[in-house]
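Across the two complexes that follow, chain A remains constant while its partner is chain B and subsequently chain C.
Entry: the complex of A and B
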């Protein structure tokens, strides 16, 4: 894709794509160009502000290159909308035949569904490059990420921002508002804050799953299947975890944590009187899962370095 | 025996050898990814667990044992085998072709002394054979044991297999048409996701067609997608009148009609499009 154009490792043409925007005074970019020891050492001390700035620059380049493939952009967006519509249609067909599932009525299920859609947006928008990881690793192109004085994981993920995810977000927000009204949850500052915190929590879990699935490509050949299957698991995030027997409830809570993508976090909002402990703890568990998946991913990068390809 | 005849025979044998070589290459390639196959099998099992609990909860809440002529067992067999069929039938024609166009490799494929459609089909056959043995057969046996004889064992198995081969051909033709569209759009992901979404929903792979509301079911009836999953599975489960000769032949007939329509349309479309192909480098 066009992304290669922006960030050709080391080659002058590629780097100028964003060094022009950043300005030559910026240390990080100089480091990327020259790779002198002094700028590298400074790289260790970089804060959040630096990363935000870099992310914005790369994002703009990515969007520009996406817009140059206009037909692809439009068709992909239509495709994304179609998947969401099909998902919704599946949901409607199911509830046309069966009025409730495990004591959850239509509107509560709709709430879970919308919640999961919104929670899945960050992984779609910000971490979509995971899907390219195995091609990069196989072809050897991945090595370019290891030569930059920025965090490899950050740099790799920042390269692609997937705009299509925003359609899903809009779809999810609309559905959530509808279900919210029908259930009669009411609006207050506290509840909105809770919603935001727990949506972010939920998205951490999906990001963690996809990171770990993508990182398997450092060890397994043909690991595309792992990602495809993990991505299919997420379709079950919109159902209450109470449908599982205890063994599988454990599996889908702690091993493949899809129960955290919608069920546990949304219980905080849906059953404020009897929130299980796991729901309260989910932000912490989410951070833990994300950290673990990050470590796993970076372990793969280290292993990749050692093969010397 | 005239020399002419031996020549024809020789050519025939050569063609068969060629096709077998493609199949064998596919088998070898799939065997390369043994660990991947193992992981896939395991992940598929987990996926089936999810399907099982979801539908168990749905049937428990429904209050009746049989919904729209489908018992819980029927639904489970249908969905599990649909998943197994999905893995077995999955082709990456769209992805491979677009990559071949981007890299220019497609020129070499077009120059091969074999029609491109035919070449593509046979290159995939090896992967299909391996998927069938490694994924479909084990799943089928597990389903048979778990459901304890809910699948009627008899001639319907053979009719099912015949129908699966038809389904394979319908699926291949759909893939080829979609891949040809990609020649024009330069968009692979988008086209592919649209195809996958439509096929999975309207073929009954995600929800059995029996549960569809009547209006939607009527539309689906006239589309080719059900010939991929719903038709073989109905034959296996002896639904939709397939336990009688007339019903069976009409289901097969529908599949064959779709194969003919789609392959004629696909060939014409491909022959028209291949002239416009633009390859940069290669």
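Entry: the complex of A and C
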């Protein structure tokens, strides 16, 4: 199956606990690259292996240099823990009071919350440079990414790895295991595989949203607003989409696909007897959204005038 | 100034000279690093609105005006040449470089860089070029230089032996030891520029584009960088396109210069020839007994210098006399000023 292939490609990445996410993302980049360019065929080929190797090398160097600034490292680690703790406490206080929302009890809500935390890790860790894109584009510094014989999107994203995402990941995994036990989902190879595939799927959606939001800076100057709004929308990801009115449900499913960050993928695990078609299809839709966002991003690069010197 | 009127005449002469240069060069096919034929670049500039609402409106707006940045530029650069690419701010220099590097697509005309159409084969083109933008480091900010080098070695897939040879060549040309293990962010501007130039040559590209490599550097660093560029050009036969406002760079490195103004090529020939157009001009500097100084630009074909000196001496006693040859800088200045024919 298509999903299994993605999974195998992912396990080769071996970058972090969520190696699947990297491998998957890279596969998307490479796939799109191969598709758009017969241009590489003549020159030395730069395939998936090349990109994984380069990413790993940049990452190792980046981590080394980050750890050499010890105070900075410690403070940002503490900050990261506090942020996640605060988010978690808010959640506890809010949902500890309701026995159930629209058929979702506390532990199911907790599951969704944890699921969304994990799914949001890759966008935070690997695609955080999207936040700097508009500054680079406005100052003209962006041009430096166009002078290397590698994919511009890859080269740009590889520059920043945000360690803060790892705390969120640890928090999410802990919470997910707790909720998993309380709900009594059980453990089997199939369900773990499902979990990994659908987590990766979920993360693709957030990556796609942020890519698209960031890429608006190639056309408009107020792209900061677009990014912040989209980033805020992710807060809705931790609620079951069934509680929204039909209008919002439609918007969060088909326009800004927030509902795919946790709700639709987690239904595969939480309600195995009555999984909606959209949930089953979410890996494909996720890849499609990611590919579209990537194309949009690259279109921005091509269309951008690089005015000023 | 009196000179401006005569200057226009000269430029028309130069224009003829350009075309001759191009056609004579154009015959040696296969020996060109860069060929540009009738290249134009227009920019559509949007009249932007403010705020989020305005930004969204801009997304759908068709309120454009067209600016042509490069107009019908034709030029060839031979392999191994070092070219000074000059022009006042906003003349279209950067736009040309961006088209040569494959970042921008020309509106019309043809460009071939190492036999490749840059915009259509950006990745392939990038393997054979190196680029330095004066104030913008392209290195990894937090990494020591040697780690950046290693990453570049992997990105360009340089053989280990070639890589080592290049490092050896570097250390024979400049003292790289003190900067090799220093993170780029801790470097001085001069060290950073030096690092960027070394990084641009690391994969032994056929062409290196240097955009104002010596901007903001002190005199000793400038000469260090000039001799490094000259050394690399000589050793590796690398074609160098040097964009600069510092005529010292041009005098030290380039035999041939191309001048562009308002998007049009206005001069393309040897630097010496350019000077000879203005060779009849010299500056006479008179220092008088009372401390006052007078500088006059003299066209020797019309005025006799001795007459000027005698005339002045009658009024005030002259203490010292200097006769200054026209510098490239002054020549360029005259061309820029008289450029609007």
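Throughout what follows, the second predicted complex is superposed on the first by the 257 of 309 C-alpha atoms of A that agree within 3 Å, B and C clash if a C-alpha of one lies under 4 Å from a C-alpha of the other, contacts with A are read in each partner's own complex, and residues count from 1 in each chain.
Simple rule for what comes next: a residue touches a chain if its C-beta (ideal position, glycine included) is under 8 Å from a C-beta of that chain, and two chains touch if they have at least 3 such contacts.
Everything quoted here is computed from the prediction, not taken from an experiment.
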Touching partner for A:124 - first (chain B), second (chain C), both, neither: neither
Partner chain in contact with A:223 - chain B first, chain C second, else both or neither: both
Contacts of A:53 with chain B and chain C, given as first, second, both or neither: second
Chain B versus chain C as contact partner of A:116, first or second or both or neither: neither
Which of chain B and chain C A:62 touches, first, second, both or neither: second
Which of chain B and chain C A:245 touches, first, second, both or neither: first
Chain B and chain C contact sites that coincide on chain A, given as residue numbers: 220-223, 225-226
Touching residues (chain side chain A, partner chain B) in the complex: 69, 71-72, 74-80, 82-83, 86, 89-90, 93-94, 96-103, 216, 220-223, 225-226, 229-230, 232-233, 236, 239, 243-245, 248, 251-252, 256
Complex contacts: residues of chain C adjacent to chain A: 43, 48, 51-52, 54-56, 58-59, 93-94, 98, 101-105, 120-124, 126-127, 129, 131, 133, 136, 138, 140, 142-143, 147, 150-151, 154-157, 183, 211
Chain B - residues contacting chain A, complex: 32-33, 35-36, 39-40, 43-44, 46-47, 49-50, 53-54, 56-58, 60-62, 67-68, 185-187, 189-194, 197-198, 200-201, 206-207, 211-213, 216
Chain A to chain C touching residues, read off their complex: 37, 39-40, 42-44, 46, 53-54, 57-58, 61-62, 65-66, 140-141, 143-144, 146-151, 159, 219-223, 225-226, 302, 305-309
